[in-house]
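The next part holds the structures, each set out as structure tokens.
Okay, so chain A shows up in both of these, paired with chain B first and chain C after.
Let's look at the complex of A and B:
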């Protein structure tokens, strides 16, 4: 079934299909699909993907009987269980959680460059069927942990979440994606950081081989705000991590990090895009990947420095280790710079584990496997040791041990 | 900075584009436009055998179905291929002169203005020059000496007549005519260019050199250069370009193919200084060049060095296909863009064989309102065991209206191959400027000195004949846009 028929058939289950403006926009998106038709050749972000699963899919969505749970067990600590992308409303003096409304649709989804280049965001806009909005109120410092649960097989979740950190607030956000059923989640997070606010965003992804996770986020930072994102991908299924960040006012900062651990036939597509639109901003993009068996990964990073964004510091780093003959890694670290007083750099390396280092460890009595494991751990140690949340650190260590146990 | 450099700077600042003059020689050319008749006309003029004509026509039919590649970071108006002359030869050169006295004195004068008097070069530089004036190769020097060693150095037209077996075997073997639209166009209408064959075990004793020159208005230049280095041989080839000042955009789509067999080495150096257009971005050459080298044999080596300062648009990616085991590919580039120039240049290293190595050093300098892009691809195929690549691309921005972009593509399919890529973008270091100014250099001199230092890694790869010229070019290119 093509996308248009699919949409028309399921229209009544899709959010905001009554809204005229949104309807017009969706018609436009359908046109883009028809004209471009997921042209793999001219859209490198579609590299290696088996598109059939995403174009010709069976739309199915359930509002689960299980309701989401919001707990405020400790002061300033909230835990949320979101079920099939839905979350019930909640309000206290620190945060407010509501369903997304028509107006939220416009954020990021209506963006010309994205419309033409990122078809998965378009799919999300077209079939939107869930999502929530969280507002962190002024000058509060809180932590939220969100567990994303999907209740049934063969569900297609198209979810859009909006996060707003009001002035002076600080949020520690941990998102867990651990699903064992074979569903597809297409999630779009739109994050707004007001003046002097902070968001530390952790994403832990550990899905079963048949679960597809497409996660896109967009953050915009106002004056003196900082957005930090750390993605840990242990999934055995397909994962797409695309993250866009805009530094729209002076002295803001974006730090996007990611580590992916791949094995078997797994594929992971990654992209980070930082747009410097004001002066004195900093950005950092670091992605590291370990690829075993026949796994494949792509990483696109892009730093765009606008003409007015003087005194910019923008750094990119991409590193990949190939553990097997059949693994492949494609990386494209791109710089686009229109201002002259900037410090920007990128580095990219792909290779096997250093043989000399293996030799060193083996000559001290270690087996080859043990040496390899130690060197893999040290490859990502810098990122892991920078996690200042003990609970998080423990979870990730455990998953790392599990991954390493499969390395031969 | 020494007084000589200052003098040169001075002299260049007086006449803005030194090489902007037009030699008035009656041109013989067919009508504008591209069709089968024009191709037949070219082929007939060049007295080509039938298989060559068929080859051209086949390329033309491919070109008709193709579109220009659009992925580059360039902005230019649509090229009207029917508004271009595809052949222009100075009259009276149908039969080749045997020595310089037979050459039109006006032509000789042109070369004198360019600073490469043939007589002088013969004696002083020890360079055999195969000059392309518009489309017909005019004079070839030092031929006898090269012939003694069995080296063939002639125009491609002559090679088609005299060495059809080599042309049939190698022409289009590295750049297939159907590769992309510019290569198809070139294959259909190429008029001249150089052909070099170095026999087995011969080290070419001198630097071979060609001066390309566009002269007639609205004449696109479609050179085709083919260099074959047989087993164990070595050759260093220089290419330099200047063009007269014109307001109409001129299209230039050359194809250069290099083939290095076992243990052979080819070094190809270019200084490109076509007319870049004036301060408002009017005029200038459109330079769409395809350069590709094939390291066919074991232990072969191909090294590209380029200094790109001219052209309104530069679209150029000298690449290496590292097929033979242990083969080496190198790419050294300096690209300077000023005013409204746009450059999208870089390289492509394809590692196929075992133990292949490649090295890329690219320096981009953007001034004025120009856009300078490095675009490079390094790929390791499955069988490229222990292959290695090192890439470094640095960009320097002078002024806040220009742009510097880096677009590397890195693809590894082999787990023993190692790839390293690093890049940086910055402006001229204030401390270095301060240091130089403190010692009495003017702002412009100081910038020129620092930029020359920034490019040194690449400039030192150039053969002596070019090194001096290139350094001057770098200084001149910066002129008027700093401070």
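Let's look at the complex of A and C:
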């Protein structure tokens, strides 16, 4: 079924379908799909994936009542169980959670910078069926852990979340995606950091081979705010991590990091894009991948420095270890600089594990497999040792041990 | 025989490097191999340690009653062979202390000896490091990472003293060392020397042999040992160079 027919058939189950503005907007999106014809050559969002699974899909959605928000009442910790992309409403003096369906569409959905170019974001807007908004109130410092649960097979989740960190607030956000269902989640996180706010965002992705996860984020940072994102992808199913950041006011920072651990025939598409739109801002984009068997990954990193963004510091790094001759990692760093007083760099190193290092370790009595594992761990040591959250660190270490146990 | 190399011929990338090389080393002996650049000294060291880039064309190597070619790299190390690298490899992110702890226990396991616990190992490491003038802070760093040339060589000798090998092969350990570092390194080697272990010392210069007294000196030219004898050969080389052996 083509996208238009699919949309028209399921319209009544899709959020905001009665709204005329939205109808017009969605008609435009459908036209984009039709006109573009899914031009794989010129659209990064389409490269290296089996499009058929994502375009020619059977729309199915279930509303679950099992969502929960718990305030653990200790050091401002909250636990959220989001089921099929839904979350319960909640309000106290520190945070406010609302369902997206209760939001004003115009406030919620406009993402002009990324729509048009990214078909998966367009699909998200077109078939939107879930999501929530979380506001961290002014000057509060809190932690939230969100477990994202999918309850059934063959579900198509199109979820849009909005995170707002008000002035002076600080949020430690851990999101877990560990789904075993044969379903697809297409999630868009729109993140706004007000002045002097901070968000440390961890995403742990560990889905089964049958679950597809397409996750896109669009963060914008105002004066003196910092957005740090760390993605750990252990999934055995397809994962797309596309993350966009805009530094819109002076002295703001975006740090987008990711590590992916691939095996079998798995595929992971990754992209980070930072737009420097103000002076004295810093960005860092670092992705590392370990690829075994016939797995495949892509990583596009982009830094755009506007002409007003003097004194920018923008760094990009991509590194990969190929554990098999059949594994491949395609990396494309890009810098577009229109200001003249900037410090920017990019680098990319991909290759097999260092045979000289293996020989050195083995010559001290370590087995080849132990040497390989120790070198893989050392490859990501810097990223792992920088995790200052003990619980997170333990979770990641356990998953790493599981991945390494399959390395032969 | 402790180590017996018989008619060893080796090539790499279609280039014959070792040609019918013969060498016998008994327990408790120190042998020095001297030779000009490109004579195959480091190839011999690497082949003994088991590096897999080389093709063995002919010959046999026996080590402690084992056919060496039946043992892989780590099995050779666990049997008591140790190569001090000419260019020790930098391995960022691999901390020295757990790495060495794991190395010593892999050897003990093969020898059916009890594994050494964390505390005992920490004490052993500290005392050996102190003997070699190695700062304790260096033990918190990653393997060879950011070390100076001298530090790397000293660290090789530290590993050697911890692993206490039966046969230590020192591949140009003296290169890049100033005179004080050379003295510390050679003192470390001399302290390890017993009647039960042997050393194969590869060097260009006689200087090293002023500090470590060899029982035998061999001259290696173009992949073969062309002359063997005592310390007098080293003096001869120091005076006249390798020209007359070629």
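Methods note: the second predicted complex is superposed on the first by the 386 of 408 C-alpha atoms of A that agree within 3 Å, B and C clash if a C-alpha of one lies under 4 Å from a C-alpha of the other, contacts with A are read in each partner's own complex, and residues count from 1 in each chain.
Throughout what follows, a residue touches a chain if its C-beta (ideal position, glycine included) is under 8 Å from a C-beta of that chain, and two chains touch if they have at least 3 such contacts.
What you see is a predicted model, and the numbers here were worked out from it, not measured in a lab.
Once chain A of one complex is fitted onto chain A of the other, the partner contacts of A:335 are limited to chain B, with no touch recorded for chain C.
Judged by the touch definition given at the top, the superposed model places A:265 against neither chain B nor chain C.
Of the two partner chains placed by the overlay, neither chain B nor chain C lies in contact with A:397.
Of the two partner chains placed around the shared chain by superposition, chain C is the only one that A:357 touches, whereas chain B remains out of contact.
Once chain A of one complex is fitted onto chain A of the other, the partner contacts of A:375 are limited to chain C, with no touch recorded for chain B. In the superposed model, A:139 makes contact with neither chain B nor chain C. Set side by side, chain B and chain C differ in how many residues of chain A they touch, and the one touching more is B.
Across the complex, chain A is touched by residues 49-52, 72-74, 76-78, 82-83, 85, 88-89, 91-94, 99-100, 102-104, 106-107, 110, 142-143, 159, 163 of chain C.
Considering their complex, residues 382, 395, 397-427 of chain B touch chain A.
The touching residues of chain A, when paired with chain B in their complex, are 307, 310, 320, 322-325, 327-352.
Chain contact summary for the complex, chain A toward chain C: residues 354, 356-357, 359-368, 370, 374-375, 377-382.
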